[in-house]
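In the two complexes that follow, chain A is the common piece, with chain B as its partner first and chain C second.
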Partner chain A sequence: MKAVGARLPRYDGVGHVTGRTRFVDDVRVGKTLWVKALRSPHHHAAITRLDVSKAAAMPGVHAIVTHEDIPRNVYGHLEALGVPGDEPLLAAEDVRYLGQPIAAVAAESEAAAQAAVEAIEVSYEEKPALFDIRKALDPDAPQIHHWGNVYPHYGSYNHRRVRKGNIDWAFEKADVIVEGVYRPQAIEQLPLETQVCTVVPEPDGRLTVYSCTQAMYFSMGVVAAHLQWPLNRLKFVGGTVGGGFGGKVDTATDTICCLLALKARRPVKWRWTREEEMLCSSTRAPWHIELADAVTSDGWILGRRTLTIHDAGAYARFSPYGLTKHAFHHSGAYTIPNLRFDGFVAFTNRVPTTAMRGFGVTSVSFAVETHLNRVAEAIGMDPWELRLKNANRVGDTTGNGVTLKDPSTVPVTLAAAERVGIELPAEYRAMTSDPRGGDLLPEHLAAQQNLSELNGGGH
Partner chain B sequence: MAKHRGRGFATIEYPTGMNQNGDPSQAWIKLKPDGRVDVFSGTVDIGQGSKTVHTQIVADTLGVPYDWVTMDNTNTDSSAVCTGTFASRGTFIGGNAVRLAAERVRERILDIASKELEIDPSDLEIADGEVLAKGSPQKKIGVADVAGAATYNYGELISGSSTALKPFADVDDATGQVEIEPHSAISYAACVADVEVDDETGEVTVLKMVQVYDVGRAINPLLVEGQIEGGAIMGLGLGLLENSYPYYPSVDHRGGEFGAYLGPAFADLPELDNVIIENPSADGPFGAKAIGEMANNAQPPAIANAIHDAVGVWVTEMPATPDRVLAALKAKAEPRRDGKRVIFDEQLSVRTVSSNGGEGYWGVEP
Partner chain C sequence: MRLTVNGIESEISSPPLTPLLHVLRDELDVTSPKAGCQQGGCGTCTVLVDGEPRRSCLTPVAAVDGASITTLEGVGEPERLSPVQAAFYEKYAAQCGFCTPGMIMAATALIDRKGGPVERDEVLEALGGHYCRCTGYVKIVDAVMAASRGEVGDVQDLPVSEAGEPSVEVHGSPA
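== the complex of A and B ==
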């Protein structure tokens, strides 16, 4: 055992910081055409006319693609997980966010491509837009998505549910109920490398895709689905990314470059401007979380009711997945025996949101951890002690029924307290992750643990 | 008008791998005739250092020096499936894929060495690039010679492949309950933030963050610290600075350039104190758990709690910008009490903002 545990430097680190690593934008291929996109100038509108004939006849223009050129225009990134597709690669009838791509041009230079984009004849009929997810189900809310304003495919439900224990008992039994609202924001992915792709049509009919994707096989599957091709006609080249925090799981440029390369029979390159990266690429999702905790005056969290609304933006992308993950972790690092969670993915006319570091959980960690300090204040308890008392322990069950094998709420919390010199009472300092017993196994938790054991418990 | 110090903390947990599983990573490994090791894995390195970590795992699984191992993650023709670099799956799931593939290669090396040394493979071990007889280390053959013999004498390519995959976990849509664990190991962390709040300007400065992470086993402590510190800065940006929609839910005044968007910079860097705890996972490579994504989750609530400790107000809309802090200081809002209910933030609630009290959200079946 020599390498594992060693403080070895990243072997690609020197290349990165001296500019010698070859990123996608460094790939140079002869006769490459440049790509620019026509994007929606409206938040929500019907496309009433789209004519690319004048643009296509402009000097230096080799190919233009619209929705009509795409073998399968609508493909859901999560279809394999049962989430149906809703987002067109290029808008056909409606545009649902400012910056949504409608057509793309490949031309001899970026300037020629941009001139052709501006020559595309397009007319719109504006429609009312929706931005506040709290109003998405209001009777007077504009209807902005063909599925309705919330994602409707959690089985037969339009929301992700968690039901555990007896929530009514918990709220009746509680000495104090603490309610609060938490609103984590959208942020930019902010990579130094903007979305970028080069596609080369090879003499054997294959396409080589130089991609900045975080997931080569995933993106290859997405491209193959849109093209209706087998995987062996595509070769993705990548593996090195100039900043990907989730946003480069979206296959933002690869498919359109493939379509243009096939139509133009030339290599093409699409490199988003900083402005496109910031205004048209996906952000972290904004969330709206309402928590109500039922607690006893001596600091047991008996139950939690949660309403979460996730702002998906205009299309689903990975949002239904992110909300499920959020639901599975909404009790945080603690054992709460009675839960009722209802979570909705709401659509708005903003750029679709997507995966970003901590997807689904960053939001709920903020809500839960801020809320617990309010709970502690409401019952006059030390916030360290409140957390340690309710901490996950070996053998506890999570909100979705998983029995914990190796939780570390107690050791990380105690280590942090010790590091900053917090003096906790001896009974708290002596805590471990060992299974509950004695004072730490009150009747309401013991009853549930027995039930878990009866049901076979430990998965 | 004064500056006030405050301290807040948060404890968090985070799962490894795609939620509900079903996300394979595959790898294959071959030996060159001189025993050097080529690893083919589709794991994209997004800057976290997965190529280095995977190389470390392969080197120790095989028992060869680290610099014998080359990692190729450059294309889909030579690499097998990797679902992707997301869901904190690189070290654990990608790492298990290369570890399992390396174990198969190790078996093949021992088989060929067994023929050369005329010793049963179960009595052999590999260390520092040499195959040694257990207990009689003078009987040995270099892995380079084993690979040479395989190539030129036995006509064999020493190779191995494997997949790390946990089966898909179905969810009961009525109750959210699962039958099998819908993720791999769960990691835990705690963050203590010390802040200073200026009650005249509303500006919050993070002075210091103490962060404790249980990563199961730090395959590379240097890179773990990189994740902890990089994550801390992202978390600070979330907590105090960044916002794609400054007037959310309005879409007005979005920033379309770096200069119009407040991302964290070196000037915002607080003192950082990192603590790594190793509570090994039963099924991670060498006991490792994930750290990637969770590293920006604990700071925003730790900062919000620290602001409250400093000046007695809650800012629960992120980020805690100076205008929000000043507005909270001005309002000095107390929760409404209704029997045993303590109700914060009513003005933000769906009940208040929706035209029908949020009936579509609150009115679902129990």
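== the complex of A and C ==
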């Protein structure tokens, strides 16, 4: 354990401070072509005509790819986890967000590639667009995805559900019901290094991919699936990421560069502009979260009803997984014996949303902690005491049926209170994570714990 | 046109309105100045033009014909870090490293101009046009102030080892 607490030098520190670190944009390969993409100018439209012949004949243009060039155009980032694919690498029939790529050009220079993009002949028939996730579930909302406006593949349900205890009992028994609506909004991850990739076709038929991905083997799988290639024909070089924050989990550039390198038989490079990064790259999801807590006047949270809508943007990507994490965390760090959670992933005509620091969790944590302050205010209780009273303890069970062996809510809350100079009554300062007893084990929680023991103490 | 970059004089063949950033990166293969936004907004392309910090992405090369340019490669060697480089390394002021070239160039210019200790508000002003998305800036500002006071060198104390035991070695990235 010598490394714990030691001031260890960063393995990449000297490279960073001397300008020697080689980021993807710094990789130099001879005869590299530049890539630019034709992107949708509309939020939602049908592509009625796409003709790249004039662009392909322009000087300096070596290759253009459209959906027709892709062995498997539609692939899902989470197919390995049972989430079916829904997103085309290059749009074929419809465009569903502003900035969606339709075609990509490899040319001798950035300017030649851009000129060719502008020479691609394309026509659209605009369709109504949808941006409000709350309206996405309305029966008369424009239908913007071939699955409907809600992701439908949570087993036999069209949404993620959590059911624990008897929610009707909790709301009948409550002294006060506290409701709240929370809508954390989209955030761009905004790495200083924009999306960038260089692909080199090798003499042995393999491709070397210099990638800024946050997830090397994940991106390798995505590229291999679109190309319908075995993994051993791809050599990924990565590990040096100029900031990602979740925004470089999606494979934004690698696959299209591979297709162009193969077609042009030349190395290609695609570096997004800052404008592309801001307009077309994925963001953190916006959410709509409705909470209702059934509480007693002495500060027990008997039950919680939750409706949550996760904005996937135009395609599913990782959103079904993000919502599942959200579901696990919707009771926060607190023991609530009766829960009813319904979470929907809704489609809109925004850019597809994806991971960002604490994927799916920060949104619900914001809602839960803000809501607890409202609960405290409604019953006239100190918000620190409300949290400590309901804090997870050894032997408590979570909404998804896990019995907690080492919860940290009590010591963390006490330490936070001390740091900010909050004076708590002695009975609260003396609290630990030990199993509940005495006044802290009211009948409604005792019943839950007995049930847990009958079930074998969790799973 | 001619430029002297990190002490080496070169004839420049790029068109006169080419941004200095692209001349450095693409004609001269000097890659420490980064193309972060190419709109003058982020600061990571900052180089010293005759000692003054400039956004190389917004500077046409013809405007600096004959100038002496210093980039991060010209500030120090891996074996011989400058005080600002040593402070950034030792105080964990570089995280992903993409903004670091511009930060160190601007900080170096500030300390050279001041010739002695710099205060926090001076650092904030000098680095005000530089974005970092990783560190939250605190470590960067602390590193610049420490470098200006000569408070660097504790890297020699690393890694911590106990008598008779081999020191902790960090090979490569686990990520």
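Going forward, the second predicted complex is superposed on the first by the 453 of 459 C-alpha atoms of A that agree within 3 Å, B and C clash if a C-alpha of one lies under 4 Å from a C-alpha of the other, contacts with A are read in each partner's own complex, and residues count from 1 in each chain.
Note that in this section contacts are C-beta pairs under 8 Å (C-beta built on N, C-alpha and C of every residue); 3 or more make two chains touch, one makes a residue touch a chain.
Quick caveat, the model's predicted, so the values are computed rather than measured.
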| item | value |
| --- | --- |
| Partner chain in contact with A:D138 - chain B first, chain C second, else both or neither | first |
| Residues of chain A touched, compared between chain B and chain C (which is higher) | B |
| Contacts of A:T18 with chain B and chain C, given as first, second, both or neither | second |
| First, second, both or neither for A:K54, with chain B first and chain C second | neither |
| Which of chain B and chain C A:S408 touches, first, second, both or neither | first |
| Partner chain in contact with A:P9 - chain B first, chain C second, else both or neither | both |
| Partner chain(s) touched by A:R265 [first = chain B, second = chain C, both, neither] | neither |
| Contacts of A:D26 with chain B and chain C, given as first, second, both or neither | second |
| Partner chain in contact with A:L190 - chain B first, chain C second, else both or neither | both |
| Chain B versus chain C as contact partner of A:V241, first or second or both or neither | both |
| Chain A residues contacted in one complex by chain B, in the other by chain C | 2-3, 6-13, 16, 190, 239, 241, 243-245, 274 |
| Contact set on chain A toward chain C in their complex | 2-3, 6-23, 25-26, 28, 189-194, 239, 241-245, 271, 273-274 |
| Contact footprint of chain A on chain C as seen in their complex | 25, 29, 31-32, 34-39, 41-42, 44, 71-73, 75-78, 81, 85-86, 88-90, 92, 94, 96-101, 104, 131-134, 154-155, 157-162, 165, 168, 170-173, 175 |
